[in-house]
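Paired with chain B in one complex and with chain C in the other, chain A is shared by the two complexes that follow.
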Partner chain A sequence: MARTDPRKDVVIVGLGWTGSIMGMELCEEGLEVLALERGPDRDTVPDFQYPQVADELRYGIRFEFMQRPRNTTLTVRHTTDDVALPFRRWGSFLPGDGVGGAGIHWNGVHWRPLVEELRLRSYVEETFGADIIPEDMQLQDWGVTYEEMEPYFERFEQVAGISGQAGNLNGEIQEGGNPFEGPRANPFPLPPLPTTLSNEMFADAARSMGYHPFVRAGGNASKAYTNPYGMQLGPCNFCGFCERYGCLNYSKSSPQTCVLDALKRRPNFQYRTNAEVMRVELAEDGQTATGVTWFDEEAQEEVFQPADIVILAAYQLHNVHLMLLSGIGQPYDPATGEGVTGRNYSYQMMGGTSMHFEDINFNPFVGAGANGVAIDDFAISQIDFAAEGFIGGSYIGNGQTNGQPIRSMSLPSGSASWGAEWKRDIARWYGHSMGVSSHGSNMSYRDTYLDLDPTYTDRHGRPLLRMTFDWKPNEIAMTQFMRRQIEPIVEAMNPTHWSSAYKEEGARYDTTSYQTTHNVGGAVMGNDPATSAVNRYLQSWDVHNVFVMGAGAFPQNLQYNPTGMVGGLTYWSAEAIRRDYLQNPGPLV
Partner chain B sequence: MRTFLRVLLALAIVAVIGLLLFIFIPPQTTEPHEDLAAGWQPEEGAGEYVMRLADCAACHTAEDGVQFAGGRPINSPLGVIYSANITPDDETGIGDYSLDEFRAALYDGVREDGAHLYPAMPYDNYRFLTEEDVRALYLYFTTEVEPVSNPVPEPELGFPFDQRWALRAWKWVGLPEAERDVGGPGRYDDEQLNRGAYIVEGPGHCSACHSPRTQTFTQAGFTAEDPEFLTGGEIDGWTAPGLRGPDSPPQTWSGEELARVLGTGRNAHASVVGEMALVVEDSLQYLTAEDMQAVVAYLRHIGTDGPAPEDDADVPDEAEQVRAVDELVENATAAMLSTADPDMPLGARLYLDNCSACHMVDGRGADEVFPELDGSFLVTAAEPTGLIHMILEGDELPSTEERPMRLRMPGFGWRLSDAEVAELASFVRNAWSNDAGSVTAGMVADLREEHEGDQAAVE
Partner chain C sequence: MTRDLSSTRRGFLQSGAAGVALASMPAPSWAQTELPPLEEYSPEFLSAAEWAFVLAATARLIPSDGEGPGAIEARVPVFIDRQLAGEYGQAVDWYMEGPHYPAAGGDFGYQTPLTPAEIYRDAIARFDDWCVETEGASFVDLAPDRQDAALEALEAEATRRGEGTAAAGVSGTGEGGGEGGGEGEAAGGGGAQTEATGPSRPRFLPDESCEFFIHLLQNTKEGYFADPRYGGNHGMAAWVYIGFPGARANFLEWVEQDNVPYPLGPVSIAGERA
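Let's turn to the complex of A and B:
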């Protein structure tokens, strides 16, 4: 027998970056806000405490801060002809768990999208003609422009305390920044991080070839910082435990360091942990949500939480899953191309070349998640798609993030992989390697999507989410193009050994090895209800009091790490709710 | 011989009668400092504000308990005392207190039933409260606070300290004259200083921790006219720094930095530790800007060597000059640590392994986040108990509206042996420009044991 809890104005599903920001912004309006987080509570100390958190086996290998697949997983397949099987051990991507979500364990790399990326279909059609777009590529504009988003990017950068060097201030190109970025109204709140030897070597080589290297921006504080909520960051000490870890030094931007203690002071804010939302409940006419039903682990019962506004702020995969389970938006059908929920799932195309230098020790343990020098000379806005035969782009760069003893033991290809010889080679080469990699866009296709699995169910009996995804020739062509740009830079650096790893023709998506946790799409934003699940304010087209945060809104993936866009969109949506929706609840478009 | 016995008997009788009188004659209570009209009403919010000034919430609220319902264990040198329920509950709180009885508790430490209150309640400072503030506070607690039924445990004190009547003798020695003019018209020819003096000496009861205690545990001074007033004390194992010496924070920091640490618990140099976190969280963060300025002006005025120099208007605020992570201050200790030489002394190695990530090799930390250790009063205090306590247990900053973050330093007691804590503490007490006595493993062991004892007593 389900229990019903007292009504709230707003219920937020998930308490990571987007949930905590929404909580903060909507509490400002005096609304009664409840956040439901399926995982445990987490705080800086004791959960990220030194030295316990610097434990690679526990957090890096055994994924202590990630979801447990036995509680929450999804199935995956390459094509619509395959039978999908459940992930039983994470590999390709790592969904976070608990308060703070993936905002705990990210590296902190921060980018804004390019001006062109937010109107990619229009840009391609205007510049190269619609006929270069492959038939199965569902290329879309986002429904918002960079210019509209600019103040919201800035707001997130201030809250997250991003360190970086502006490259374009109000149209004026700035020395030391990314000359290809969109114009910013103001500099970053913090100066860029210091660089490492590997960064400098890459920068010198890139510069010598006429490229434009810059220190990449990130949520690793270069100085002590206080954000607009009064929250604080300490300077990053380059301890080299960023990705997969909580920051032991208060230096990495996260909900814990940037929002949560301020939010917890609000008397109109409440949160519950170990509270997994089962589904969003809809009114009989399906036009509005009445609240959510969640599972109370302690009481072992379902609880109905009535609310006037429902914010889906869980991870991208789970937001889409909840929409499908709740009947929000028509489920996407790849056979007909109709339906929106689950449409345009996409991922990220990465490649890289590793180098070993006999005579150089890079001290790789001196690292930071966002550390790095990059070039954007091969960004989406800089490539002639018609000439090159693909649509997309990458940033290219070197980052020195860590020298951890299990996963960061790079050896030249051909080295022994076990035994005494392996030990000898590790002793010889540890600390002597660096890499140059490309981080690239991935378009969306008619048959890359998310839906409900017909076979497998979770512990509550709900169908699992099913992912259908594989690499496409467009992205293979893009990454091979990047290889052709990177290898000459690498050769110019004159390493003792080098070897490349870029996906080649016929490569299949490998779910077992880590690539990025940049899963996007499935609850795409846009101006056309036939091709998007949410409007430009992240409001469900069909159920107007449901707003869907996160990278699910990306119609195709950026060439960048997604957090800057996700943060900006959250403030953009929050303002639309505060300014318009609360006064006049109903469709904002 | 018989006469002598008679005299002896008479003396004994007199002594017994005297003792009985001492125990049973109701104590005299102090009159109001001024006559207020019976119908006098405070401005709206004034009572709550006096409650903030007097920091009633910090002691009278148990951890996770209802505000003002009491029951918070207070570790005194003599045993554990539980704070009273001061909600207007008739049975377990102060619901049936008259104004005079309320005033008697504040001024004289006398309970409604005539029993003496232990001086964990700082009536030795509250007796300076103005009648307006007493009235406002009385009305706040009797009409604005919700009654909560919460019986509070009796103190856990051994004989003879469990005999409340004996406190009468302590009060003869320990209580200042209530009539002493606290910051009132006349002490200073400056309204701001007089207001600051009133807050600090009266409701703020800063002296309860920041003044040394005499051998009879009375405060060694009650106003700035007393030479030992606010020259440093100790509370619950933490050093309460002196606030008047030439090296003290009010004398060496800008007024702005002093206000920042009082209002938010942190500034460019230091952060509050131990009980002071509660003072910031429950009291100081609520001070009006004018009152905070008054407190700062007063504290900077009463230096033992005279008032602190005026802030240099040409020097930009320290908050504007936050250094980058790779801008280190060069000094011998920083240079030695930076060599990362495996043969460096154990204390230095322990510092590198446990402390330098935040506090940096130059001991300068990071503004408002990681306190400075170079020149820190906690580090160099004559009694290193606070420093040892910090290394063993860590600590947490208070959350305020302006700086909501509960920054925490983790404890290292689980990781370091007594000898290692001693080496580390001795190292930081003599690193950079610090020059303080070393710490022995025995001191660490004693504190560790004491702390475990306290934990057991509270549990």
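Let's turn to the complex of A and C:
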């Protein structure tokens, strides 16, 4: 080891959403905080500046803001019998890289989990009986309740400047909001975003069928706003370059717009870029971490950074990878069901129906990442699992996010993909399509997990993370149920053409087509150290000065986009560190 | 909520009141510098024979006849040559360590040891040999309908990965598909999927380059629709043709205008207008 740097109170691995929030909260305590970020520095100016950032090829197709697989990637296989192959370039999900992490190029679609979701095993057992749970489904409670989390959800919503309409204020259902959401103490900080014609058409059709449409909430500011850290956002201009891009307009909630300038002004905060953490170093007894070893790109050497507290904030996949590389928690073994690190990896079950309307021009380039109208009538809390034969739920909706022609050229199914017909059809149908999609839960199973790959290594010679994952009958049944709900709504809209894409029996996980960057599990939270890697405060059960942020904590996936829960959990964990751990360093449970 | 969702907007639309006369726009102004004709372009990566192939093949993928620019007018071949010479062609960002299993099921994406540039190099030569063998002439010398037939055979080569495994072809949802171009759910994604066509398949490409057609078609569409800074989409003609306003990126007052065509033509990142 070439170098040891001066000790810090706290070292944060990764400076995305969770790392920057943790930095801010722990700096409040006067601690010396250092964040190590493997990627480059990034800021609105110059990196997201107009017009450079409105470049579909560079950002939308070639993934300029994402992790370079060349530097590190992971392998994937469907079953424990298969040989895993590396993601050589990205497809199904797009891990972030550089200051801001995936928080710069997300959409900002915002949800809180349902009350029932955070105690899903208990809810299912109480309501339907334990015998409806499939044998290989490792359904778990989270160890925290919605009521406990409520103030922390609100804190994240205020910092992120979320636009939306409350549906449930202290138990009272509010007109125009989601009537099925958990109770909120206060409204959203900003009113909902405006709606497009496609949004309205979906809302009208859904309402005519007795459903309860609402404008979905999101981290795209609907008005000028100053957040609790003094950071300012301006109204979103529906630029149509949101997901996969940095915001050119200081409108999208991101570490840059909501946290980082305030954090950088703290004298007790420092960060380094091009600083990839290789592993967490443990004391001889394995009970505590002594710091982290990182690779200094500039000096081309390994550096030991001693610290009293280690915060893993490197995104779900990389947090689990670092835990496995560092020996934090017993690695999960699907053969015995023992071990916790890597246990319960899960993903998101998506489906959708696309429609084409000969006479309607939607101006699809008028779009915002979080724009949309949704219904939650088929949420986890609204479905009779015993009758329907699956456990799970989805929100259903329409969003108009972009009209970028390379990746969003939707043609009626069966259209030619090249030649004279294709050329004729692109002019005929561009701008004439909209979709209704379902965004659904995914449970965790005995054989869906993360471990270290036996063959492939990264540029430092470390084994890559290996993902074992495939779709299960429970989720296929769930998404087919959603199809049966969506198609009548679509027919009520009377499109010229429509076609559906929902996974069917036998569908395998396709790693090439983008689905969501909502990877969850592997560092699951809970109250039982036999089935969770971290306790309810995101503290490692085994190494008490290591705290693990992010969606790795999810025991199974929510039916929603994850970041509302991820942000809330970060504040919840920060509070436990501030209130209890600093006074009395040791296991909090 | 800002407005009542049961609003009159759909009614407004149905009553046919939508559509404002926007015909009196200024004529397109061509700020773009005149470029040398394609024949005078000297490729950075492609050899003379490969260049001739790319000109001929892209001209069939997006033909010049009918309305709108073809790949040639859009200068798609220039885009492809530059991409192959650059980071994309050299797979600079990708994980290229072995072992490689190029015949693995299509669900596992890019698994060949070859870079995109190497795939072009390998596949163009083999495909052309195959054209000579089966059609009696180089691809560039075939009649357009024979070129199309040859391209269909090339397309079939690209769909054979993972044959015999359950992984092939089950997930017909492609990039976007019904699932939208992203998490926010755009207005659909690429609806048209490349599907396995025909039972008997010629095999003239090795597993390492069998997906050449997929790359060629994708790169052709990229060159057609990407910002002109990359050498294609000349004069933003492809954007004008479909009605995409390019890098304008500022539409707040258009959110609530129902079924009204957007009146302005595209701008490029360099500030040109069309």
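In the analysis below, the second predicted complex is superposed on the first by the 588 of 589 C-alpha atoms of A that agree within 3 Å, B and C clash if a C-alpha of one lies under 4 Å from a C-alpha of the other, contacts with A are read in each partner's own complex, and residues count from 1 in each chain.
Assume a residue touches a chain if its C-beta (ideal position, glycine included) is under 8 Å from a C-beta of that chain, and two chains touch if they have at least 3 such contacts.
This is a predicted model, so every value here is computed, not measured.
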| item | value |
| --- | --- |
| Partner chain(s) touched by A:511 [first = chain B, second = chain C, both, neither] | second |
| Partner chain in contact with A:239 - chain B first, chain C second, else both or neither | both |
| First, second, both or neither for A:191, with chain B first and chain C second | both |
| Most chain A residues touched (candidates chain B, chain C) | C |
| Partner chain(s) touched by A:49 [first = chain B, second = chain C, both, neither] | first |
| First (chain B), second (chain C), both or neither touched by A:229 | first |
| Touching partner for A:457 - first (chain B), second (chain C), both, neither | second |
| Residues on chain A lying within both footprints (that of chain B and that of chain C) | 50-51, 191, 194, 235-237, 239, 248 |
| Interface residues, chain B side, partner chain A - complex | 322-326, 354, 357-358, 366-370, 394, 396, 399, 401-410, 415 |
| Residue ranges of chain A in contact with chain B within the complex | 44-46, 49-51, 191, 193-194, 221-226, 229-237, 239, 248-250, 257, 261-262, 264-265 |
| Parts of chain C lying in touch with chain A, wherever the complex brings them together | 1-3, 5-7, 9-10, 13, 60-63, 65-68, 70, 87-88, 91-97, 99, 101, 104-111, 148, 151, 166-167, 170-194, 217, 220-222, 225-227, 229-230, 238-239, 241-252, 254-262, 267, 269, 271 |
